[in-house]
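Common to both upcoming complexes is chain A, partnered first by chain B, then by chain C.
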Partner chain A sequence: MLKTMMQLAKMQFNQYNIYKSNFYLFTLNRIVEVIVYIFVWQAIYSQTGNAGGFTLSQMVTYYILAIAFSSIATWGINETMAHSIRTGQINKELLNPLTYFQYYFGMNLGELAFAVVIGIATFIICAIFWELALPVSFLNFILCIFIIILGIPITFFIQMIVGTIGFYTNSIWGMQIFRKAVIQIFSGIVAPISLFPLWFQELSKFLPFKELIYTPINIWLGQVDYSEILFVIIKQIIWGAVLYIIAKKFFNHAIKNITTNGG
Partner chain B sequence: MQKVIYNISLYLSFLKISLKEILIYRIDCIVGIFSQLIVQLVSLVFMFVVFQNTENIAGWNFQQILLLFGITRISIGISGYCFDGLYDIGPKYIKSGEFDKILLRPVHPLISIIGNSREFVSIADFILGLVLTIVMLVQLAIPVTILLIIKILFFSIVGALIIGAINTIFSISSFWTYRSNEVIWSFYRMYTFTEYPITIYNKFIRILITIILPFAFVAYYPTMAYLGLNTYIIYLSPVVAVVLWFVAVKLWNLALNKYRSTGN
Partner chain C sequence: MAIIEVKNLVKTYKIIEKEEGLIGYFKNLVKPKYKEFTAVNNVNFSIEKGELVGYIGENGAGKSTTIKMLTGLLTPTSGNVIVNGIIPNQKRIENNKNIGAVFGQKTQLWWDLPVIESFRLIKKMYKIPENEYRKNLKKFTELLDLEELLEKQVKNLSLGQKMRCEIAATFLHDPKIVYLDEPTIGLDVFVKEKIRKFIKDINREKKTTVILTTHDLKDIEDVCDRIILLDKGQIIYDGEKQKFKDTYGRYVIAELIVNNIKDNIILNNAEILEQNDNKLKIKFSHDETTIVKIMDEISKFCNIEDIHMKEAELEDILKEIYKGVHTNVKNNDATSKNAI
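What follows is the complex of A and B.
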């Protein structure tokens, strides 16, 4: 089963990799996105000598890492799933020897592998132009990566829930954008969570999104205690389990009531 | 000249048909507009956070930045609605071979393609931009005269034309890659640079967005004029738009001659 999933992942990855231009364009896209953020904070720093409680190099590092990680947090198989529901291809996918979740998880991994490649390229190119803070220790680096990996099932199950809505509405295009916007705001891609109003910070403590971007970066910068990291890990596992149950229940309920669009 | 006017009127009638097509799908339209507003929320959230840490950016206060954002959105909305068809050249027309059909029409293919635009979600950009602009003009105590309204309307359309021309130039890549949408999108995204005063950027980026890809003329210089910071450079905008369209059409025709069908 694992082997099949890996094969699916490889297939999905190659689909992106056929066009070499994809790689350059996506990387360019990321860099364009980060430039505005960095220059705005630089301007603020040069005026006030303070970038929201961070030093300038920490802030620059924050945004570059946030953009590098952002594709891992927001990309996914939602589009593919919606397409298969719309065209009726889902008939075939349901008959696969793999379960529907396993099938899409494999595809999702391929997508994320490409996101990782883009993220690394973005990071390297940005490192040429700006001075970046390196991870405070090797252990912190490993923990940072580990927290990001823990986020993968969470974003996947959220996508499955959004995708399942497609059974009822036939179009999840709007929901998709909504999902991305929520992740962008609550994960800290837009700005470090510590700069948001207090009620927002309290709320984000309970949601799993902060751990996709904000917490891993702060671990990288060495601003999180190890005891807190343990708490974060437990929290993410619980969220993963809860979302798995919801996604599975919802999907099983929907699958009984679907009418597919031909085949 | 007559030909240009004929083509423009043809384009407008194409666009009218597209609008009727949109109105068939009401629910999709509403969901799309709502989603587009949420996307804008992300940019606005960043601005709110930034202005909790500072009074102004390069001398621009929060209301002024929001006015700039609003004016930009109006142009983006118009250009998104009118020139969205450019994104389809590669994936929809050339890849599938449908482009050959368009070449057979007695109309310039560019007119057929951009006339087919129907990116209705841009209406959300337009409305948000309009509301923000009006609110900020009032808050900044800028007298709203008829002249100002005409100016904003005129230069927003000019701005949309500038964006359209830049997108047209990059859509040429579709003759080689069939994936024009991503190429256009990557460069088009640079308009976000001009959502902040361009003095915060280094020399390279400033030259990039004023001369190479003159996005600064879309909203930044016009907004400076409305705020009374720089009254003259705004009048360069129409010149930039005309020159860009001239270059875009010439280059497009040149590339068209090199076009080889994908068959089908």
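What follows is the complex of A and C.
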């Protein structure tokens, strides 16, 4: 199974990277985003001197990391899946000797691998031009990565849920935009969660999104208690399980449509 | 025990009846009206390991619907399907390990990548042992002439090249059963011939059970030993191909080159299909007359220069069946039972 996953991941990665220019374009795109955010915040800091408890140099680190992690949080296979439903390709994929979820999880890993490569490239290039805060400890670095990894099943199941909508509509474009917007706002890509109103902060405590960006960066910067990290880990595992059940139920319900009414 | 066992299989599709206009649209939203359509109607057959079965019938006869139920992609409305001891739509993944399938021009190959990458994926998905994989790859490469294609991106292949790769991919894991739903559609004769030869070779060597649907009856002539003929969702013949031809095709078509035609030619026991100045095409049955008698008769009307005869082909027979010439096939279900 692991070998199959690796091969699927490799293929999806290569499919993305078939044009080497994809890599350069995406990385360039990320760097431009970083520059825009940093300019905006430099202007804000020159007016107020402080925002959300971050110093300017912490804020710079925050955005560089946020943008570097952002593809991992927002990329995935929902469009690939919807396309396969639309074209009837799904009939062939259902004949594979592994489940649809396993097959797409492998592909999702490939997509994320590409996101990681772009993230690392973005990070390295930015580190040349700006002074970055390093992780406060090696343990914090490991925990930061670990929390990001816990987010992978969560975003994957959300991708599968959005992809499954492709059974019912011709285009999942709107849903995809919605999914991306929710993740971008609640994960802290747009702005650190601590800058949002209190109700928003309370809400995001229970949602699984801020652990995709905001929490890992704060662990990197040494601003999260270990007890809170433990809470976050448990929360993510529960969300992973809940989303798995929802995604699976929804998919099985949708697939019944195909198997009783034909493709 | 047969490898495929189909009993009283029925598939009824529910189709939403669309009503005209805005009111119709809202009526549909509230309480959709369904029309039912039975695509497969009480089908029975059993297939033994290693058989090469041609599953034939006109467009819309229900061939693809049957194949989809055999693969587990479609749930039967009623009746049973058991494939290799498994009910396919209940244990799909387990069933998938035993089978391979081609559906028309849909491909399992990855569009943007070299063909060989898809083969590697298949190797890993089905856990094909390394030496087995190499052996198959080598043999398939030879039989289907894939040497040049394996490193090419799928999107750059022609239809025929793609289908050759697709067929190889389908047989790579030594499936016990292969379903081929119109694999030769749109291909040129040379590719068709390669594919036919491939299927026969693999069947001979590995006892692979193959069910083939096609509109090119040459595929059936070449590949299959047995045919199942479907008409409007029901089986009207199931049995050996040769027996089918013997039963319904006991006639000969002869083309004669003639000259000096004197009168209107009238023959007693033969039917004239075509006639012009120096050509005559006739059809007769061995039961009723012989070629010698016919030639005797014809020579009263003209001089025969040359004669060319051919046995009735599957295509001729089927055309007649569809036209209703052999009413006994269509109406008398007992014929098909006897023929098994």
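Please note the rule applied: the second predicted complex is superposed on the first by the 256 of 263 C-alpha atoms of A that agree within 3 Å, B and C clash if a C-alpha of one lies under 4 Å from a C-alpha of the other, contacts with A are read in each partner's own complex, and residues count from 1 in each chain.
Convention: contacts are C-beta pairs under 8 Å (C-beta built on N, C-alpha and C of every residue); 3 or more make two chains touch, one makes a residue touch a chain.
These figures come from a predicted structure and were not determined experimentally.
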item: Partner chain(s) touched by A:96 [first = chain B, second = chain C, both, neither]; value: second
item: First, second, both or neither for A:88, with chain B first and chain C second; value: second
item: Per-residue contact with chain A, leading partner among chain C and chain B; value: B
item: Which superposed partner A:48 touches (first chain B, second chain C, both, neither); value: first
item: Which of chain B and chain C A:190 touches, first, second, both or neither; value: first
item: Chain A positions touched by chain B in one structure and by chain C in the second; value: none
item: Complex interface listing, chain B residues touching chain A; value: 28, 31-32, 34-36, 38-39, 41-42, 45-46, 49-50, 52-54, 56-58, 177, 179, 182-183, 185-186, 189-190, 192-193, 195-196, 200-202, 205
item: Footprint of chain C on chain A - complex, ascending; value: 3-4, 7-8, 11, 14-15, 18, 88-89, 91-99, 258-263
item: Of chain A, residues touching chain B in the complex; value: 19, 21-22, 25-26, 28-29, 32-33, 35-37, 39-44, 47-48, 50-52, 171, 173-174, 177-178, 181, 184-185, 190-191, 195-196
item: Of chain C, residues touching chain A in the complex; value: 13-14, 65, 68, 71, 73-75, 89, 92-93, 96-97, 99, 101, 103, 106-108, 110, 112-113, 117-118, 120-121, 124-126
